[in-house]
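Two complexes follow with chain A in common, the first pairing it with chain B and the second with chain C.
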Partner chain A sequence: MSLWKRLLIRYGSFFVTLLLLSGLFFFLGHIVLKGGNTLSPALLFGEVAPMDALLFKERVFEGLFPAICGTLCLVLLSVTLALPAGVLTGIWLSHFARGRAKRTLTLCVDTLAGVPSIVVGLFGFSFAILLHTLTKGRIGPCLLIAALTLAVLVMPGIIRTTEVALSTIDRGTRLRVSAMGATPVQAIFHVYLPMAASGIFRGGVLALGRCAEDTAAIMLTGVVVTAGVPYALFGRFEALPFAIFTIASEYTGPEELARGYGAALILLILCGGLFGLSACIACRFRSIKR
Partner chain B sequence: MKITFDTLTFRYGTHTLLKDISMEVPQGALTALTGPSGEGKSSLLSVINHLWQPEDGVRITGSAVAQFKGGAVDLLSPHLNLPLLRQKVAMVFQNPTPLPFSIFKNVSLPLTFAGIRDQKKIHQRVERALTRAGLWDEVNHRLKHPAATLSGGQQQRLAMARALVTNPEILLLDEPTSSLDAESRNGIEAQLLELKKSCTLLLVSHSEDQVDRLADRIYRLDQGHLERQG
Partner chain C sequence: MGEGAATMAAGITFGVTLAIFGFMGWLALPLLEGETLSTLFTSVWNPQGGHFGIRPMIWGTLAVALPATLIAFPVSVGFACVATHLAPSWARRPLKGIAGFMTGIPTVVYGFSAVFTLVPLIRRMAGQGSGFSILGAAMVLALLISPTMILILINAFETTPQIWLREFEAMGATPEETVWYLIFPVTTPAMVSAFLLGLGRATGDTLIALMLAGNAVLTPTSPLEPARTLTAHIALVMAADFESPEFRSIFACGILLYLIIFGLTLMVRYLTRRPCP
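Moving on to the complex of A and B:
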């Protein structure tokens, strides 16, 4: 390769990376600058005393506290539903599936990964209508259906990261483990899954982020502007991304818009916190498996 | 605890790797298998603990029988209980790369696979295996440390301890000292001479000197044909 080509690749890739990082920092800086000033107990709890709100003694109407609780419940419920199913499907794809069955399921997973979230939301909405009809109006769009919809949305990512993480285990290791007298199931649960844990956790973290930010899917399946702190799986709920969407589309003045930036900043902090927590769990898991 | 091959032929796709192999690996002795690279020595080992897969295009004909304490086992039977067979026939690979776990877990895993849950028993068996492999004194104070922190020679002895922890009747060794320095190699060889008293050993080695030093019986594999040399 000629010198100018090497220089072009070297400085071109550096420039593109710099451009992307600049965009990221500009975006984060913009949110922090615009939303940082609004961060206060009033943004979270409105007129209600923080302790009363945190102990669920008094309902919060003005602040973002119910939306934060709703987002946390939604994220935890969705990931709890998606993770076991996604990991088990990933295991099946990487270790047991062969031939046409493997190709068909891989195609299904890839197709599902490419489906826009609004379409998955419509599927959830149809499911909610079906339940509404079957239960004579007792069940409609709610937290559980929204969580199920998000679980369907993030499951392809979890399946793929699990499959890829397990596929990176080399043939030599597999031979060694077989030679130790392990059955295929023992090998997976005692050796391969602990070895692939970091990759699977990364898939889980991406799923967390997707569940926390997706608005289209939950708009059709149960989220509302005012519902208070979620009290039941079959109840309506509030969520931060929907709160941001509502403020951004209906704000009437700069103060209200600043509240939207504040909500966006809180969502970023929440996601950062969840990512950090996942990283700590992954780190802890790495030290335990030794 | 002996192995007998009779007119064994090992085909990989259209390539015949081993042709009409007949040999006996006697009990309580160290049998060595030597010869040029790529002639099928490791494939012959894989027949004994059934590490070959028909799905990979492997076809084996002839007869391969292992005589254990509990009776004879047809090693080519499609109905073999593989986990049980591999508890009786352990293997040490050429590359000792340990699993990314602690020293203790690396050695105790075969016991977990064998369904042993009693922690006291597991600790006793791990200590015994590490002692038999000549590693206990060097690692007993750091059993929870990652196995990757051990030196090359120690990792190979760890692999031997892992193979010995289920008290196998047959131990297969695929060039276990090829990547080690002279001191580590001498340590492993001393352990092998000790193990000969309790195990049937089959050693694959390129080193003529090593084979002469250790083996009670020597076979040479060349161009798919086996020949007894000593």
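Moving on to the complex of A and C:
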């Protein structure tokens, strides 16, 4: 290989790496710098006293508190919905599926993983319309439907991490378990699942992050600009990413803009924290296995 | 009982995948009757006048997603090479960590940041227009989809058999030569599938295009012009009431996006399937 080509490969690669990192730091640095100054109780609670807001005595209008509550409810609800179905599908894929059924389902999971979140949102919305006509207008787009939509969105991730976690269990363990006379179901629920728990848990944490950041799907399924703290499963709700989106497009003054920066920073910290948590779990998992 | 529950869950997953398509088809069905269908693939979007052409949005999607992927692909390949072979070994783990961390960054944060930094910059540099343009959207989108591609590429690069790497080293190959003559030829299918999956993510992303591309219904002709993608179109039209044909037509957009993703998924599966022994 000529010297020129070598240098081109080496420095070209380093150049694009630097380019990517500088792009990353440019955008995130901007948020951190501008958002750092805005972090204060007033950002969360506006003019309301923090204790009153936390105890739901008074409604917060000019703060991010309702949006944060909305996001937390949404995230927990959707991961709770997605986890059982996702984990069981993962188990089915790694232990019970054979031949064509397995191929079909992996194709489904791959497709589902790629479907744009707005299309999943559209699905959630059409589901809401169906419920709307069935219940004669009592149920429309709401927290529960948004959570269901997000659950569909994060399920492929959970299925895959479960499948991977289960497939890393070594042959020795499998042989020992069946030598002790355990039925496949006993083996899975008493041995393999506990062994794969940290991998599955990690998938769940990643799903939390994915739910917290997604905007397009909830946009179609019931998120609104002001709804207060979520009060019912069938009510409308606020969410952090949607608040950021609306502030970016329709802010009216520097105060609102500052709230947008604050919200973006909080969301970034939330998602970064969840990612850090999942990385920690992965790290510990690896050291235990050694 | 355990097996039954697992089978049922698998059935649910299967059902949901079909249901997404089915529901959209169900709501798009009224389009088949009446004149809406004939105007669907024209280039005039004028709901008041009964024209529901989505062709500008198809072009818009292409104009935003394709350049973004074309920018992101070489960057990702370079990054993956650095993170697996070219960087000193102490720097490799942090680089992989950063790539992983980038997948977790909320899209809306990139969008928000770019609205107040990149958009004014483009406005000033171009000296015309609002700055909300294909260029800005494609750049941020490239940043957004790179980590996905990088992780796939790193994964593929690292599955190259150790023994081949040692043989190359023993023959006196430099890291650059190893990358060029061993890694690239061996991982070509994985690289192509990384490209396709990146393209899929770029096509499916809503927020970046919605926030940065300007959303004008025009068939784009220059990178400094605004465009509206299919995804942004869905988000924007949803405001309308849900009996109008205008509302029905966005389900056609949804079906189109679903089919694009399905096609890309099939291609990726074809590329990454294990060769028959």
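Here, the second predicted complex is superposed on the first by the 237 of 290 C-alpha atoms of A that agree within 3 Å, B and C clash if a C-alpha of one lies under 4 Å from a C-alpha of the other, contacts with A are read in each partner's own complex, and residues count from 1 in each chain.
Operating definition for what follows: contacts are C-beta pairs under 8 Å (C-beta built on N, C-alpha and C of every residue); 3 or more make two chains touch, one makes a residue touch a chain.
In this text, all values refer to a predicted model and were calculated from it rather than measured experimentally.
Shared-chain residue A:176: touches chain B; no touch with chain C.
Looking at the shared chain after the overlay, A:191 reaches chain B, while chain C stays out of its contact range. After overlaying the two complexes on the shared chain, residue contacts for A:127 are found with chain C alone; chain B is out of touch.
In the superposition on chain A, contact is made by A:16 with chain C only, not with chain B. Taking chain A as the reference, the larger set of touched residues comes from C, when chain B and chain C are compared.
No residue of chain A touches both chain B in one complex and chain C in the other. Across the interface of their complex, chain A is touched by residues 1-3, 5-10, 12-14, 16-17, 19-20, 23-24, 26-27, 74-75, 78-79, 81-83, 86, 95, 97-98, 100-117, 139-140, 143, 146, 174-177, 179-181, 197, 200-201, 203-207, 210-211, 231, 234-235, 238, 242, 250-251, 254, 257-258, 261-262, 264-266, 268-269 of chain C. Contact residues of chain A toward chain C in the complex are 1, 5-6, 9-10, 12-17, 19-21, 23-24, 26-28, 30-31, 34, 84-89, 91-93, 95-97, 104-105, 107-112, 114-120, 122-123, 125-127, 129-130, 152, 155, 159, 184-185, 188-189, 206, 209, 212-213, 215-216, 219-220, 241, 244-245, 247-249, 260-261, 264, 267-268, 271-272, 274-275, 279. Only residues 49, 51, 82-87, 90-91, 93, 95, 97, 99-102, 105, 109-110, 112-114, 144-146, 162, 166 of chain B touch chain A when the two sit together in their complex.
Those residues of chain A that touch chain B in the shared complex are 172-173, 175-183, 186, 190-191, 194-195, 289-290.
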